[in-house]
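So, here's a batch of structures to check.
In what follows, subunit A forms one complex with subunit B and a second complex with subunit C.
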Partner chain A sequence: MSIDFSIVWQQLPQILSAFWNTIWIWIVATILAVLLGFVVAALRRYGPLWLNLLLRLYVEVIRGTPFLIQLFLLYFGGPFIGLSLEPIPAGLIGMTIYGSAYFSEIFRAGFAAIPPGHVEAAECVGLSRGQIVRRILVPEMAMLVLPQLVNMAIILMKETAILSIITVPELTLVVGAIGSQQYAFVEAMTMLALFYWALVEISGWLGRLAEKKLSKFRFAV
Partner chain B sequence: MSTRLFELMLWAAGKTVLLSAISIAIGLAIGLLVCAAKLSPRKLLSIPATIYVSLFRGVPLLVQLLLIYNLLPVLGIMVPSDVAAIAGLSLCTAAYQAENLRGGFNSVPRGLIEAADMVGMSPWQQLRRIRAPIAFRLTLPALVNEMILILKASSLISVVGVIELTRMAQNLSASTFRPLLFYSVAGAIYLVICWLVAGGGSLAERLMRTGSSR
Partner chain C sequence: MTRPAVRIRDVHKSFGSTEVLKGIDLSVPKGSTTCLLGPSGSGKSTLLRCIAFLEETTSGLIEIDGDPLGFADPGGGRSRTRLSAGDIRRVRAKIGMVFQQFNLWPHMTALGNVTEALVTVQGMKRQAANEIGNQQLARVGLSDRGHHYPSELSGGQQQRVAIARALALSPDILLFDEPTASLDPELTGEVLNVMRELAETGMTLVIVTHEIGFAASVGQKIAFLDHGKLLLDGPPAEIFGTPRHPRLEQFLETYLDRGAATLV
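Now for the complex of A and B:
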């Protein structure tokens, strides 16, 4: 068998639309997961005890089971409880839930790492609870947790490949299908692997750049 | 769910554990080599090791598995799908374990190595008696973490046709038309296995800590 990469380039429009799907699903799911994760972490810290225990169970269950099983439950199990989803919404929801558990743990550690003195000082100068959250907790924590957030976002980037299993038309599914049709699966997959590699390296580089920019605002402990 | 079907799920869970354990062990061995190469002052060794780690950590495991599974026959290597799956998981986890080990070796306090130098230990003795034991203890939590990650990631080998827990749940829910039940049971089994591994890990850490304080 000869290795022929030119076949893949003939399908460029299809590949570009799949690329777009991968990117937007990744970005939207990551943003939603960060927001949900923050809410979970905040409720666990400042909410009542029963809610903390309930959310802890949520986080433990999501983190203790494979993403694929969660997707199967949502996509194939959902219709049995009246939740019929198309592949893309199912993928988005699944990825948001999955990511939120990991992000909430990052935020939990972030909350714990903020020096209590800063909050006490803010209380002393008469800041309201909302002001403390908005002006002290969130900015300080953003600085502390940024590296882990970037790291988790990159992990989610790679997890988007799993969405192909529930037939979300993203890169892995489309490139794999083209490869099979053209009897050039290995070539297609090699291109795909190199592509993901580049994407992950570029995201990591951008993340480190952002950290460097923001680290100017590091606060004293 | 009948007992018979539950037994099938448990058998498949055993296979998941077995394949993950083999992959972790092989991955640790490859990871040690890659880590040694990456820490080497020779560029001829360290650059390929760096590329290996970056490549296998930068490509989704699913893509790696699909590629290895389809590449082996093209290269004329005919192996059962179980072996291809173990190869894929091992190569991937090796990259992560190499990084963990590198972190461990880099965290060995310099003073200890200087002290070992002072009492006249050879480099090999230093490695065997000082650096390796300390690095291993420092790496243990990361190793346990990696075990849990691989246990969960092994669900992806269902895609290349290996019958393990996820694939069994898929097959049984297709034939009985009860996906909610079988995927929930599979999820619960994964959860229990992960908890057991995490519990065993913290027990091992505690044992090692008492060992070191003596």
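Now for the complex of A and C:
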């Protein structure tokens, strides 16, 4: 038996379509998770105490259980409470929930890291609460938490592989299936690893680019 | 007699069970420079923050140019009432504040910091706001630094931008909370010079400071606080002239290097 990548390579159209699924599901889920995470963090900080405790429970439960189990429960357990989802929507929702818990913790730390004096200075020149959030808190936080956001986005990229378990036609499912049909496991898995690695490198590079652009805003002491 | 710029009547302030201000009465005459002095923990910064409405007093009243700030006295010995958010904003607009830590917004340039409220709060056009912003930056000697971010400026320059930011809104009263306390001695001078010039233009300034020499030479009124009480209040010649209050004497001894040497 020898290593022969051409076996897998012949299925390129199928692989490219799976590659595309992985990318768009990752991007959409990451954006939704960032937004939901921000809302959770903001409500925990500025909302009433009972809401803070409730959301804290949400974050603890999501962070304290494996993504695989959450996905199983959503996809296979959902129908029991009248929630029947197709694989892709289930995957998107599952990833959004999973990611939001982590992103909310990043934003929570970000809120805490902004010096209160920056908000006081804004109050003193007459900015309203909404203006302070939009003009001061969000941009300041963006540059404080950007490295962690990029990091978490990369972790989510790799987590998309788990979506194969609920038959989302993404890279792992499709390339894995080709591998088992053709008895070319090593080739398929090597190729998969290369695909993910390339994606991670590209997103990491984009993240560094953004950080560089923001670096001149770094906090003065 | 003209109305005082700031009038403080029997102000108390507690944080939890700790009473920081224990009944302060003070008036700040219009167009004057008033310096609040006192040892750490005497309550001088808290008093200033109450005037800026960054802290709410526990009881008592503060008037800004005759208008009640935050709380009003309904008369007839009844307890004070809280004013509407709109009224509070209108009175607060007469006040500018300069902080010990500068508190510039790091994601905006110097000019962006100075013009932010003009554009966002007052709805001014970007170009008109920049014109005012550049004028104010020139006033503090930084006309060539408008496009620098705070991280690219020295501490003294940052503090001068913060002063320009407050001036851009043409406040009636400018409050300074230990404006030079986090600066190197060599950068302190440039900030004090800007403040001295402002005092000469006849603006009302209230300054919390440990720069005793500056207070004695620029201040028209000195208020000395100790343990949450106003111990002394009067013109510098009277306050610093001999014989001095023993508590002030003791305080000056510890600040010999802050220009108090000439007084002691």
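We adopt the following convention: the second predicted complex is superposed on the first by the 219 of 221 C-alpha atoms of A that agree within 3 Å, B and C clash if a C-alpha of one lies under 4 Å from a C-alpha of the other, contacts with A are read in each partner's own complex, and residues count from 1 in each chain.
Methods note: contacts are C-beta pairs under 8 Å (C-beta built on N, C-alpha and C of every residue); 3 or more make two chains touch, one makes a residue touch a chain.
Everything quoted here is computed from the prediction, not taken from an experiment.
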First, second, both or neither for A:13, with subunit B first and subunit C second: neither
Which of subunit B and subunit C A:185 touches, first, second, both or neither: first
Partner chain in contact with A:48 - subunit B first, subunit C second, else both or neither: neither
Partner chain in contact with A:120 - subunit B first, subunit C second, else both or neither: second
Comparison of subunit B and subunit C by subunit A residues contacted: B
Subunit B versus subunit C as contact partner of A:82, first or second or both or neither: neither
Partner chain(s) touched by A:131 [first = subunit B, second = subunit C, both, neither]: second
Contact footprint of subunit B on subunit A as seen in their complex: 1, 60-61, 64-70, 72-73, 76-77, 80-81, 158-162, 164-165, 172, 176, 185-186, 189-190, 192-193, 196-197, 200-201
Residue numbers on subunit B that touch subunit A, as the complex places them: 54-55, 57-64, 66-67, 70-71, 74, 148, 152-156, 158-159, 166, 169-170, 173, 178-180, 183-184, 186-187, 190-191, 194-195
Residue ranges of subunit C in contact with subunit A within the complex: 52, 54, 89, 92-93, 95-97, 99, 101, 103-107, 116-117, 120-121, 149-153, 158, 162, 165-166, 169
Interfacial residue positions of subunit A with respect to subunit C in the complex: 115, 117-118, 120-128, 131, 135-136, 139-140, 143, 216-220
